[in-house]
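Here subunit A shows up in two complexes: once beside subunit B, once beside subunit C.
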Partner chain A sequence: MIEKTQIIINKLGLHARAAAKLSHLANMFNANIYLIYNEDKVNAKSLLGILTLAASVGNEIILQASGDDEQEAITAISDLFNRKFDEES
Partner chain B sequence: MIRIKGKAVSPGIVMGKAMLYNSAKEVIRPEKISEKAIEKEVWRLENAVKKTQAQLKKIDRDLQKIMGGDSALIIETQYMLIKDSHLLDEIKIKIKNNLVNVEWAIKETEKKYLQIFNTIPDLSFKTKSNDISDVLNRLIENLKKGSKASLASQPGQVILVADDITPSEAAKLMSNNKLLGLVLNKGGETSHTVILARTMGIPAIMDTINATDSIANGDYLALDSISGEVIVQPTQAVVAEITIKSEKYQIYREQLKTLSQLPELTRDHHQFHLYANIELPFESEIVQAYGAKGIGLFRTEFMYLDSKMSISEEEQYLIYKSIAQNIFPHPLVIRTYDLGRDKSDGSASRQEENPSLGLMAVRMFLKKREPFKIQIKAIQRANSSGNIRILFPMITEIEEIHAIRGIMAETREELLREGKYPKKDVLVGIMLEIPAAVRLIRYLKDDIDFFSVGTNDLIQYLLAVDRNNSDVAYLFSPFHPAFVHILKEIRQEVAKISKEVTICGEMAGKCFQALMLLGLGFTNFSMNAMSIAEIKRVFTQIHYTHLRKIVSKLDQFSSRSEIEEYLTESLLRLYPDLLIRQRLF
Partner chain C sequence: MIKSLIITHGNLGHELIQVAEKILEQKLAIKAIAFDWQGDGSDMIAQLEKFIADNKGHKIVIFTDMFGGSPSNIATRFINKNVEVLSGINLPGLLKFFCYEEKSKNFMETIKIVEQGAIEGINIISEYLGEKK
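Up next, the complex of A and B:
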């Protein structure tokens, strides 16, 4: 299992479209992937789960993955965060 | 037991279970299920999910077309939510662990997420709760047996309760014989849905305003569209009372049917002719049983709407030919597509500010010729038995008639070349619906063989009243002096050029209105098959000479109420039995 701390840098935070992109990406990996924010831990493959976090810009969340492709998963997801979910050019 | 009042628009008495059509809101209650039923509930859920996904996908595609490119965020979010296997797993776990119906499991899941979202301080996330509710409600809607697609799979017949339904929806529902009766919140008396219900002999009540709020799916209803009332969950005493009334009504209907054998003569042997209006080809098989001597108006729009204009010449030819043979030797009048007005037929190429003054019927035909040309050709070709006539709606000016004649000559040439032209030409008629057309009659001796009066539209265009607008519908009266006058003018003008004229609107099927028309000298009436026997009963018990005398005095009156009152009173004085039906019930 690996973990990575990630800061949300896109203006809108984990709103619907970003959350949709995130869960879509997470579903491409075999690993179990979770997002941990405050006390909550949600499955990154569930759009609804991500939405319930209501994480906004500036918040720090932890990405957690376990499985054969955990490294690739964390790298790809972290990259999506850093690209600001491709919303702001 | 609740009583709901409405307007009785298609007579009859029936009792049966209610089915709400398109009903959005319904109270969801928890229902305990057995372990064995878990699998079935999960299966229902999965089916509804598939349906919901397909619907959202379609909405998304449609929206993309309109907005050009980007998906609508709301729909996209909802689509993602319904694809979220974790959400669905949660619902499934609720079904299994709590042994509840899937609807309740969905509601509980919705509640949980609404609570979570409502504690989030960030406003932009609050809107997410709408998405969740929306998509889950859509899911619940798709679980319903009564949703659009599955009426056909309903066991037994139902009384349909709806806010309003379009004529094409109504036609589909009626054609699979599942419909016992119809209760609508809205609906004007002359809407096409009502006309259809009457032809099919399906009792209907409209203008109930809030029937859909007071009636739940599966409620037992007594629908009495003699008095215009729906009784929800009637007591046994009321059921007994309604049953007796219904039997009486059946006897009365039977008596009317025996009338269909009588000759079409008034007591003083003045000849009249009663024809049927039909909308669907199969109706031609039943109208003669009601006493119709031919079809005075075959509305062809449904054929067009069902096929989205792709119906071929060959298909149409076969339909027209078989109806003409069914009805032979009586005439079959086929009206060409009357599209583009109050029917939601999708024929309009753009939004019009005043559709009823816009591009419709023959006007549309002269702009977009192909489908109409195919229709004309099919009609000409089908006339091998020689009893087919063609009728063109919404004629405004003589140029239109010349253009139509030109096209008919073309199609005739084509058929001759193909060796398909029968020996006889079809007779050509026009509808008198626009007041201006009445003034053209005298010039049409050589161009037109017969005329047909569309009373509803003629009143609408003469009085500038939309009969479906409840704020002004009171103005819509066949007894307005101006309308009575124009009827007289039509009668005289047509006689001058020695042609025939038929009254085709719903007016022909109403006792006092039909009597006024007979008194004005009209002898051909085409109406809903259901009304024929009743009109025949009335016509066969009066003297034409009396009627003429009464009607000749209409000129003295300047208001519709005076005319109506005078007619009703003088007729009832002479023939107190005229309204025997109203007395029976």
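Up next, the complex of A and C:
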């Protein structure tokens, strides 16, 4: 299992379209992938689960993955966060 | 694959689909039927009959906007082992359906999960966040 701390840098935070992109990406991997924010841990493959975090810009979350492609999953998801979900120029 | 349609008062169903498509960034395989305020429901019945006939052999879920309303009452007439109705559909429920449906093997299980997603999408936010703190 690996973990990575990730800061949310897109203005709108983990809103609906960002959560949809994130869950879509997470579903491409075999690994179990979770997002941890404060005391909440949600399945990164669930759009509605991600939305329950109500996480905003500047918040720090932990990406956690376990499985044969865990490293690739964390790298890809972290990249999506850092690209601001491709929604800001 | 479960076939789906949403029948509502006015254009509520069309709007819900449009928003879900925007969020998921894909065209969704769902049909919307708007209840004709001036009519007696016969047009909606005919469209439902056609949809069910066109999708014979498939499981079908009909989402409606409100239990007890005309669209829901009309849809209820069509319930059988292959057709189920889920009333009170909302955006979380619709998103749940399209995110979950591909992976699902069981018709009724899928509908129950969508129902749960729709219900969990309704929150008094201060209380929800208060519980989280």
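A few points about this structure:
One rule holds in what follows: the second predicted complex is superposed on the first by the 89 of 89 C-alpha atoms of A that agree within 3 Å, B and C clash if a C-alpha of one lies under 4 Å from a C-alpha of the other, contacts with A are read in each partner's own complex, and residues count from 1 in each chain.
Methods note: contacts are C-beta pairs under 8 Å (C-beta built on N, C-alpha and C of every residue); 3 or more make two chains touch, one makes a residue touch a chain.
Since this is a predicted model, take the numbers as computed values, not measurements.
In the superposition on chain A, A:L47 makes contact with both subunit B and subunit C.
Legend: residue contacts after superposition of the two complexes on their common chain; A:E3 is shown touching neither subunit B nor subunit C. When the two complexes are overlaid on their common chain A, residue A:R17 makes contact with subunit B and with subunit C alike.
By the touch criterion stated above, A:N38 is placed in contact with subunit C alone, subunit B being left untouched. Of the two partner chains, neither subunit B nor subunit C is touched by A:E72.
16-17, 20, 23-24, 46-48, 51-52, 54 are the residues of subunit A that lie in the contact sets of both subunit B and subunit C, per the superposition on chain A.
Note for the complex: subunit A touches subunit C at residues 16-17, 20-21, 23-24, 38-40, 46-48, 51-52, 54.
If you check the complex, the residues on subunit C that touch subunit A are 22-25, 92, 95-96, 99, 117, 120-121, 129, 132. Across the complex, subunit B meets subunit A through its residues 73, 76-77, 80-81, 83-87, 113, 116-117, 120, 122, 124-125, 128, 131-132. For subunit A in complex with subunit B, the residues that touch the partner chain are 12-13, 15-17, 20, 23-24, 43, 45-49, 51-52, 54, 56.
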